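This report refers to the structure that appears directly beneath it.
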Amino acid sequence: MISVDDSTLKAFLEEDVGSGDVTSMIVEPCIIDACIVCKEGAVIAGIEEVSRIFRLVNCNVTYSVADGSEVKAHTTIMRINGDARSILAVERTVLNLMMRLSGIATYTRRLVSMVKSVNPSVMVAATRKTAPGLRILDKKAVVLGGGYMHRLGLYDMVLIKDNHITLIGSVKDAIRRARSIHGSKYTIEVEVKNLQQAIEAVLEGADTIMLDNLSSSETEQIIKELRSRGLRERVKVEVSGRIDESNIMEYARLDVDYISVGKITHSVRAVDMSLEVND
Amino acid sequence: MISVDDSTLKAFLEEDVGSGDVTSMIVEPCIIDACIVCKEGAVIAGIEEVSRIFRLVNCNVTYSVADGSEVKAHTTIMRINGDARSILAVERTVLNLMMRLSGIATYTRRLVSMVKSVNPSVMVAATRKTAPGLRILDKKAVVLGGGYMHRLGLYDMVLIKDNHITLIGSVKDAIRRARSIHGSKYTIEVEVKNLQQAIEAVLEGADTIMLDNLSSSETEQIIKELRSRGLRERVKVEVSGRIDESNIMEYARLDVDYISVGKITHSVRAVDMSLEVND
Amino acid sequence: MISVDDSTLKAFLEEDVGSGDVTSMIVEPCIIDACIVCKEGAVIAGIEEVSRIFRLVNCNVTYSVADGSEVKAHTTIMRINGDARSILAVERTVLNLMMRLSGIATYTRRLVSMVKSVNPSVMVAATRKTAPGLRILDKKAVVLGGGYMHRLGLYDMVLIKDNHITLIGSVKDAIRRARSIHGSKYTIEVEVKNLQQAIEAVLEGADTIMLDNLSSSETEQIIKELRSRGLRERVKVEVSGRIDESNIMEYARLDVDYISVGKITHSVRAVDMSLEVND
Amino acid sequence: MISVDDSTLKAFLEEDVGSGDVTSMIVEPCIIDACIVCKEGAVIAGIEEVSRIFRLVNCNVTYSVADGSEVKAHTTIMRINGDARSILAVERTVLNLMMRLSGIATYTRRLVSMVKSVNPSVMVAATRKTAPGLRILDKKAVVLGGGYMHRLGLYDMVLIKDNHITLIGSVKDAIRRARSIHGSKYTIEVEVKNLQQAIEAVLEGADTIMLDNLSSSETEQIIKELRSRGLRERVKVEVSGRIDESNIMEYARLDVDYISVGKITHSVRAVDMSLEVND
Amino acid sequence: MISVDDSTLKAFLEEDVGSGDVTSMIVEPCIIDACIVCKEGAVIAGIEEVSRIFRLVNCNVTYSVADGSEVKAHTTIMRINGDARSILAVERTVLNLMMRLSGIATYTRRLVSMVKSVNPSVMVAATRKTAPGLRILDKKAVVLGGGYMHRLGLYDMVLIKDNHITLIGSVKDAIRRARSIHGSKYTIEVEVKNLQQAIEAVLEGADTIMLDNLSSSETEQIIKELRSRGLRERVKVEVSGRIDESNIMEYARLDVDYISVGKITHSVRAVDMSLEVND
Amino acid sequence: MISVDDSTLKAFLEEDVGSGDVTSMIVEPCIIDACIVCKEGAVIAGIEEVSRIFRLVNCNVTYSVADGSEVKAHTTIMRINGDARSILAVERTVLNLMMRLSGIATYTRRLVSMVKSVNPSVMVAATRKTAPGLRILDKKAVVLGGGYMHRLGLYDMVLIKDNHITLIGSVKDAIRRARSIHGSKYTIEVEVKNLQQAIEAVLEGADTIMLDNLSSSETEQIIKELRSRGLRERVKVEVSGRIDESNIMEYARLDVDYISVGKITHSVRAVDMSLEVND
């Protein structure tokens, strides 16, 4: 699966180590065994990247679980063998990375399970609300959690939002301009605020409409209208806007394709993990 | 105050924009006014960096509030004037940055207020549990929220943790080795698990002791004993370990110098903000 | 020994995996042990490259046999430990590579053994009739089989063939032109069709003559004449042209230095191998 | 039809030419006519790619036969007009390519003729056992020979093999997981070992079942049972596993849809061809 | 810790292996276990680099001791598993590297122990008298031995030596010019020959003075004078010039900060080590 | 004589100068005369390379002595005229190089003189125990000292050592394999441990035998036996293994051809030299 390259991982290390780990220097040179333990039930992400970081500092790694695994509290994730000072110097960086990514995967999996329990065909999608510099890793964690990656950046699909529509004047003109510039090179999604815009978007050939910041009943109403006019079949429907575990079930039961949840990546709860040195 | 340089901010932009914002391309060239609005009560951080990003894409920025300000819901943070396509292309990046940093500052301010209400001399400190690549910005947000930055990385102080002590054998030997290698170049802090280790650390001349993962009553007991032996005056005392808004008051009333809270940076709740184009 | 670099190996992987292995995605995340088993007697080649591919996808590899080893049917070649989905995603690519390269090494070894049994000083050589994109790997497999690599490409020696002679007019003029342009920078080999051309080539100082597409008796006759004139000692002699296991012994008993066999690389019979997941 | 792009063809050339063809340099600049002659009866493939290579080095090409044509021995395939040194420099690369691809097309045509003689509705299919880097070209040659391309890579259909079933536990669970993850986005094929697995696969809605490494009588038995239960009509049936010209007729007479043959691409016998310069 | 990159390590290998190890070729392909044994008591350095070299040739490595460890005679340093021919081909290169670096670390540790026994605050420093091409590795070995790295090259501090002073005219002018050009960007050290120059340097604000090629009694005299004038506190004092194990104790007991020893890197005594193949 | 090319010399310079010599910058631009003085009696090596380095930075050089000359203490080796800042910037690099190489030549000359005084036909040989990256220069210094260069790398002769014999099984089989693979292309030397192996090696046609790590009396015994059997005349004899100035005379009086001494290059004592600026 996609990931960042080694230079990014080295930059993460350098951010913490800087001119040198002045504490680990006080440890006598020795080879130790250590392990990373997950302290709470979670879906694990970041194993690939953490392994690569350990190898960058000449440690051997053996895996106990795989990226995307669901584990119970107190599960050993991987074992590391190498120079004590190297292991301690990278400890915080690897934990910061794996705790965040596992937090994303865990929350994603939770939402996916909730949604699939009532509507197996609905996908939980991530947004671009990721931490600056961590887009690819955050998105990968979403996929490992069972979610839908959605666009990686501004470059891979057309998503016409309210600000674009305001500037161009109408949904119809916005779609037409996109088609005239890009032809069929990119998927076109349009954020719509009401039934009229939704109809306009479908008639103009949008691939997906996003119903943003609408209540579940407003959403339901619009989709029903589209269905009754034979328009629902012609587009994918995404709902978004302040959806989280407290209200996702209201949307899950609707006739939608994607529920996108900004909180998955913008307000990550880190999973509790630690690196333990084996005596 | 410290911050990242422009190359880092450009890298944040490139991560999102990649080969180009294929949606904003559909907007006719025009100069617009826009503003960033904070949708909920918060302490704002990231104004400096967001302003620099806008200037990197040739937009003018006027500030309504300053970094570190506490604002009510629906407050305008800054106004931007420039090319519509540039503003829309950087929208997501600047919001991601400011929503995270303001989340950190807001939560820090909340904890600081709680603590200061009972014990004005206690500081709330950040840890190194930051998102990879965002250390400096996360730490700066803590300071804007009123917290203590603590060490920026492994290079700027000696912090002897349990794994170091395990490998070296005792608190005493660990401190002695640190002094023999570094002399007085770095502040020395030692994580201790009980009274005996605490006494050992103080007698060996540690600058700070960290009481980690102890209950507030255990913590209180140890500090009282140190005070009774005339040792409390000789060190700073930091408490840490799963402390958050739910239990920080138990520690705030104690005779401590720093309460460090990993959650401030490892589990950030983003503040809700949006970029609005003025008609 | 020479090999391709990681970017080539990654390109092999991407050719098969493309936008993702949609089947392995259905496997629950887990760490497995697997092994590559050779189903028939063979000389193994490709272990280095296959190991590097597995490491590129974060798997640990332990070797059971080395490149160039002759193994019996049902021998385990290497053991792999890693994420099931990664191992399954690269399975076909690594098998395709090792099955082809081992096929080349096995057939080369067979011809070398046949030839050496009657004439230990004769070498079996590969040609440039390799699969496009696989030149270096195909040639390396020949060497692991005990054969002679011969030229890697058009850049490393002068080999004047019939078409060059036709265009230049004579063997003599061709060799003289080569010497006038290149001096003694490159070895010069000349393809000759009969005794007269052979004599001409030797007298002009060719390093090697290639007797191409001649019967073994014609070949023998020409070499005997060269020997009787004291010319054989002054050149290396290579024979080539539709030689394979069915007729190589006719040439092996002659007074030649190299027998080159296009079939070694242009008509490879893959060795049967499989990747087995250990329960 | 699909093919590789020019950068791939250029890379093939560069592999052979490297820093320069030191032999062709000795030829005086001149324009010549040359032709590619097929020395044996064959089905020709690679004409498009070879023509493009000649044009990349500024030669004109006129075709005598088309891709997919069946030719007799000593047929001229194409004529080339251009700079002698360019033609000689690309000679080996174009022959290597066309000899391999024609070998694939020829053998495919042979198997297809055999099969169609007894059962016109059965298709001969290629596998993914292609030379690394040559997937698209190898598959195209299969199609030119009259065969079925089958999947191009891991990305374009779900093919559940024994290793996947071992890891997931049962055919049923494997298919269910595939459907739950991919919906109806991909065709689903399942490798089955016996009647029970075959029934399970059909009942779970597999699009195709692959009977792998079974004797023709076992295969016949299973298909008859499926037919008797009314299940045969609901799936395509593919047979595979060490099938080649020696035993394909045993399978051709059965009630199957596809016979896939790894040997078509993993053990290619090159067709004998040469480039001849016209005097 | 700092090190060289893989391209440097590969260049070391290529220097020895060149066009191929013609002896190891005669060994039948096989996988072996081997170990590196230190034949005499020593401080080990070079483990990181040697491990990386072994991995570059596809061998697995397990560590027995860590860089900087002090070992007794006949200690196993690391174990290697891989292709016999690869291990034998890199044997000499890895031993040359580790024997030199361990020689540096061992001699450094010896001097450090001597000095610390009488004056724990004095540091033993390396000079730039390293083998060409090995600066970083030689300096790293010094640090692993417990010494002070001092400047890595001409680019990281100002060190005004006798030749500079001769050309500029006086210590005072030299320091002033340095300050006017560089401001406070670099530390400034000045080599002084007598008390007068020492005083001049301190008064001009040198960070460090180097008393070069003076006897220990002359050195003592100058430092006493500086102390009596209240100047000693304002600078670091380095002594240098033909100091080795025979006379270092004369300087160790003085009121100095650094004793630099060229011999540590310019006249290295290699530690005796061998690579042993396990039967 | 062989040497490294300019790019290697430039790399040596860049290692020290890096982003610039911040000290020499403080010197006013001026042309100076300087000289390199040898402070102790020595055999000089490195003059060619040092001269080339000075010319690379546009200085003129005049020689006082030639490479390989034996000089007394305080002899001027060469005079340099050029820009003061250039001379000072390369000072350390050229001294490091010449001090090492002269150390090698001096120690070689000393051993050669000792050996020749009792046995003029015996040669003192270097090994491959050179500093990584300095093979050619170290070997050249040996030759300038009067020693024998021996092999430059693994590519220029066959030297069968104990590890090879262990893996192959016997001296006889090892030599036979070497001859069958390489014919007479390379000289073959074999390390032997006792008389039996020595006889075996001679009878199999080894060109040289190496008696490694044997006492001088054991060595003498084996050679006498070979002589008595008429085998000594058929091979060259090399002795090696922890030989240095303390014990070389024991071996020098024996009937040997080469005495190889690892210490010549692995534990170099640098000759004391300095660069002096002429007032």
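Order as written gives the chain letters A, B, C, D, E and F; numbering starts at 1 within each chain.
Everything below uses one rule, namely that a contact is a pair of C-beta atoms (placed from the backbone, for glycine too) under 8 Å apart; a residue touches a chain by one contact, two chains touch by 3 or more.
Just so we're clear, the structure is a prediction, and the values are computed from it rather than from any experiment.
Comparing the contact residues of chain C and chain D by number shows a mostly shared set, over half of all numbers used being common to the two copies.
Interface comparison, A-E versus A-B: the higher count of C-beta contacts falls to A-B.
Separating the centre of chain A from that of chain F, both taken as means of CA atoms, is a distance of 61 Å. We define each chain's centre as the mean of its Cα atoms; on that basis chain A and chain B are separated by 23 Å. Separating the CA-averaged centres of chain A and chain D is a span of 39 Å.
Touching two or more other chains at once are residues 20, 28, 30, 84 of chain E. On chain F, the positions that touch chain E within their shared complex are 8, 11-12, 15-28, 30, 32, 34, 84, 88-89, 91-93, 95-97, 99-100, 103, 128-135, 152-161, 163-164, 166-168, 174, 177-178, 181-182, 186, 266-270, 272, 275-277, 279. Per the touch definition, chain C reaches chain A in the complex via residues 20, 28-31, 58, 60, 81-85. Only residues 1, 44, 47-48, 51-52, 61-69, 144 of chain E touch chain A when the two sit together in their complex.
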